[in-house]
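The same chain A turns up in both complexes below, where it pairs with chain B and then with chain C.
== the complex of A and B ==
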């Protein structure tokens, strides 16, 4: 991929390079942290923002889509809100500033700004590869976040909400989280914004789920209609561990949420459930890669997409099964309701299999609402709008209901219904 | 498996005879010097007594090719090809226009006999109308003989080598050549446009149902030759044609290059059925030698209610890079792709299809069966897209992979792109190994392991085999068995 490096920088690329020079003196961390940042920004400068020609960004031409970068604004207004599920413990990152106090029992919490200042963060900053634009961007500019660890054998009684509220401007955050052996927890990573003008948030969560841990992680992205959200969630799964990841995208103008997992402990199980609601002129990309590196592991992924208006949706999902990973059972399904002739959806579900004793499959469908279903409801006196909503709701609710916790299910259903009310 | 001496001997025997078409034919060849330049292209064009526009077309493509880069996105890995170390033209010397099959060099006929091309057989069978197949044999780069020409002519069907067609029907060729795969299409297609030496031309006029199956046999014989054939098939309104293509190449140490272009055009209500059995030399056990097969095949359902169906059985070649595609331009048109790709040894296959839905109510169906054994890599790569105006586009895709042994890889990379709410796309893919229960069942009944695997694999691919014309189906089943020999143990 050398063809496009020579092309002149776009406005957004220039703005990023300028921002780096301007912020340099004031970004937390020096020494190894600073040199890691320098490496990342020069990588980004050399390759430019990714285009269609970079396979990992085939359907999200970031170079063309990311037109401008909002200026960094330390004084922008933002205020924390009530937690999604009443009674949750809340750790807030408001306007880019993390507050690590009020941590519930069993959790060790420090702000990522501290880790950057002390230099302990230096080792985490490297990008995943040449095509990791989110890692490069985030690592160059990261200022804060939360570093959390849950002790071995401990359990969180209530869900933990990581509430990220963005005002105008930009924030770049990191959340390294370690779940100790046999620990149990439910975490809600919730991205909100109170900006009207289009904020930019990049957020990287690095989860380590140790042997025997049982973790539910719910990622709710509800940024503003003009915002850019570049998210990345990386995880490593230990032996006999259970990890359920729920992703709900219900906001943002330009959204790319990446999930990269490595299953490297035998007997572990991973589940991804995702609901992507897209409307307006937004572009939403969920990109997922999973490596099964050891024998006897299972994974299932169900992705449900609803696309309205002139929105563009993307799902890329890749399951890799290494040569040693015999007896892997991996299944992925991506179902899309395409509800407008001006919308589009592209899916690339990949299987890359190097072991023979496996059961792997994927399915993908793109379809409109079934007219006979609509007719059935209308024949019973339900107005068309309501009937459509009911059918769409049923389509995504199936996924949400798998979260057995009633309060959690109700909260997520509330988000979905609220979104559908304003779009359907 | 317990390794009894008998088994070891048997396996060794199989290895020796693994590529049964690997013999060389000592026929005098007329070759162009190695390398690629404007002179070579002029030489090829002059040799073929082509009109000026054809030469211009070639030179234009060549200039374009010089500015292009070899694509690198496919999951295939091979040393860089030196395009100047190849002969771009090789013709059997005794090729001074055989009028009938009796005039063909008996040496060549002997090769065909070894290959099992039923040239003679077809003459004997001439009375039996239904099983008649007209054959156009391409030997290295030159079409040697086309059978049944007269009879086809009576039906109004033109079936001849493309070189002849350029001379005899220049207007027809000029109208359609490059209209499906333009000279600018991709690296290998552009190269082909510059240097193609022969291939087949089929024209089925309005309302004619071609009275017999048409067939081409490609064979790469000479050392260091690239084979660049170009096939153009046109079915006018309401016409029907079924076309078969079979390929073999002798065993050689070096890698040989093959970059073909096939263009199909179906007008209103026309139907083209294109079947391929590809069994080129896959290289030896260490992965040395074998054919590099970089092929661009595309069908254009230009007319309303037209239909194009691709069926392929790919068992040969060291590297296969091939995506027979359909552009569903006409309303209510239909595209089909049925594929069996078997890789063993060090073979690498990156193959699949593209279904581009442009017209209203278009439908497509993709059934792909990949079988990987040895240390081979087998990738399905396919694209299905519905454009804004493709109301009610429908696609069903099923790609299944079977893994034999734990050192091979099977990969699935589909691209699904819907830009129309009325589109209905369904895609499913599975990867697994041969069921131990099924294998046990066969072994228990005294079927040897290798035969049992061939049996199970043939069951796995049955859906595709059924799409092949009967004569080919039998051959294809045997071929799959042969390709998987030595994969057990």
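== the complex of A and C ==
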């Protein structure tokens, strides 16, 4: 920890460094884990929180935006809730503590605290790179989470909900999940908050989707209006595997959700669908990178953003197609509905293509509600507020409906309608 | 029921005056036909009645049941019973037809202080009305008007009208794009709504529709004014001779 930062540390940076020193004796892990943690916190100290000068953080100046860090609060109130979809199997992480019991058949579950204590987690803790502030922060402080594996050829009959309920203070969690060959599952990673004072949550999910597996992962972020949510989902996709990732951001004051994927098995398909609902003075960033590393794979990404008030939104999407990855078919679209003059959205779609026989495209649009549509609905007696809501809903619902599972679609529509009710 | 007095209105965006001192009275129970050459302001008048914000009333008034509606927005006017069947119904992707119908019916009921419809009651009403208008149930499963043929869209407008049971119905060229059978079905739908406490304004270019929906009065609109009003025979005269004589006489 001797490297020099360019400028004096911010209050948040100082608080993080102090917190690390204070907790050092208390953070779970064997020697290897602790040394991995030391490396990460040193990296973070050396570079400081990323500013807009770091390319990956250009639109989300974390150093400027993350003003303060809430103190750890082991006694903060938090309580589990009913699952989003009735009948789901639920594994909860409440107030930072994971409960791995009651796992449904076919799943092997251990808490991440155990993996840290036994040292098996040490190898996973390294950051993705110098600019991986989420990985550094999370790896330094991670205390718990769930390590899950689904056996080859097994299928989950019901969705599995990973219910993460945060009280006041901080939590840093990890979810390494392996989906065995030809397994099938729907997982809902659901972040809720019962803090009114502003919590800080970092959460890293590392998914390995083996050959022939068919996985739907739904990431629902409904943190409180004052919370900071720093999420990262990394995945590797095997041959002939199908992975549908659905992200819905409907909460938080400062949100950065990263998705980093590598498609490294032929014949596989990846779909990202995202709905970002933003209001108030919030800042929400969805940053996505995908590598098509082998031939004959497909991916589509559809991002729908709704921005109210003075909210700011960001989508960075980068698709890399390796030189050998012939016949890649990748399409990315980012559509934004700006509902206030002061709302702002920055989209940066990028394609880096090194193969010559590929079909790739991207597009970004910004639109307003169609006044003729609004008039037509009103002319049938639907009041303006409701009519606007219907049209906003229509804009995002197209994406939600792709999920097809009725209960799931209804649950997500409920979240969207609830959010719109309190913001539109 | 409806009294339009010396109405002047212009396009809000560029200030072009389209309606230039228009007078028209339609009584409860009456069916009034409005005819007139292309571009004379018929659709504009219907939009202004419905409360479309692209137009600005600069002079005159519109009284509905004795009260000015100029300050009411489109949804309030609709909830008070004013319905416009559009010349060009709007396609709205992502809004399911059934959901739209349900929200519209219930919002209007809410405005009037009535109970919302139960889902079975709503379904039954839609089914019955759709059957009357020979609308295939499949069509109602699609997003609102999306991909409907011209004639299907017009029928869907009349379906909405039948379900919403308005008091003042304005039909803007509902006959255009309809085949002969559909024209009869739609006219039957409109006639079914005729009652002493309702008024209907039929905007059309053709006598053919007026053979089915027989009007009590006929009004000729030209350059934003009603230049001639008369009994149903006026429509026959127009069909035979065109607008030249009337326009000449008014000039």
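Just so it is clear, the second predicted complex is superposed on the first by the 419 of 424 C-alpha atoms of A that agree within 3 Å, B and C clash if a C-alpha of one lies under 4 Å from a C-alpha of the other, contacts with A are read in each partner's own complex, and residues count from 1 in each chain.
Throughout what follows, contacts are C-beta pairs under 8 Å (C-beta built on N, C-alpha and C of every residue); 3 or more make two chains touch, one makes a residue touch a chain.
From a predicted model like this one, the values you see are computed outputs, not experimental measurements.
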May I ask you to decide whether A:103 touches chain B, chain C, both, or neither, giving the answer as first, second, both or neither?
-> neither
Identify the partner contact of A:394: answer first if only chain B is touched, second if only chain C is, both if each is, neither if none is.
-> second
Once the shared chain is lined up, is A:65 touching chain B (first), chain C (second), both, or neither of them?
-> neither
Touch check for A:382: first (chain B), second (chain C), both, or neither?
-> second
A:359 contacts which: chain B (first), chain C (second), both, neither?
-> first
Pick one for A:372: touches chain B only (first), chain C only (second), both, or neither.
-> second
Name the contact category of A:27: first (chain B only), second (chain C only), both, or neither.
-> neither
So, does A:17 touch the first partner chain B, the second partner chain C, both, or neither?
-> neither
Count the residues of chain A touched by chain B and by chain C, then name the partner with the higher count.
-> B
Taking the superposition as given, does A:347 touch the first partner, chain B, the second, chain C, both, or neither?
-> first
Using the superposition on A, tell me which residues of chain A are in contact with chain B and, in the other complex, with chain C.
-> none
Tell me, which parts of chain C touch chain A in their complex?
-> 50-54, 73-75, 77-79, 84, 86, 89-90, 92-95, 99-100, 103-104, 107-108, 111, 143, 160, 164
Using the touch rule from the top, collect the residues of chain B that touch chain A in their complex.
-> 69, 73, 388, 401, 403-433
In the complex formed with chain B, which residues of chain A make contact?
-> 3, 55, 58, 323, 326, 336, 338-368
Enumerate the contact residues on chain A facing chain C in the complex.
-> 371-373, 375-384, 386-387, 390-391, 393-395, 397-398
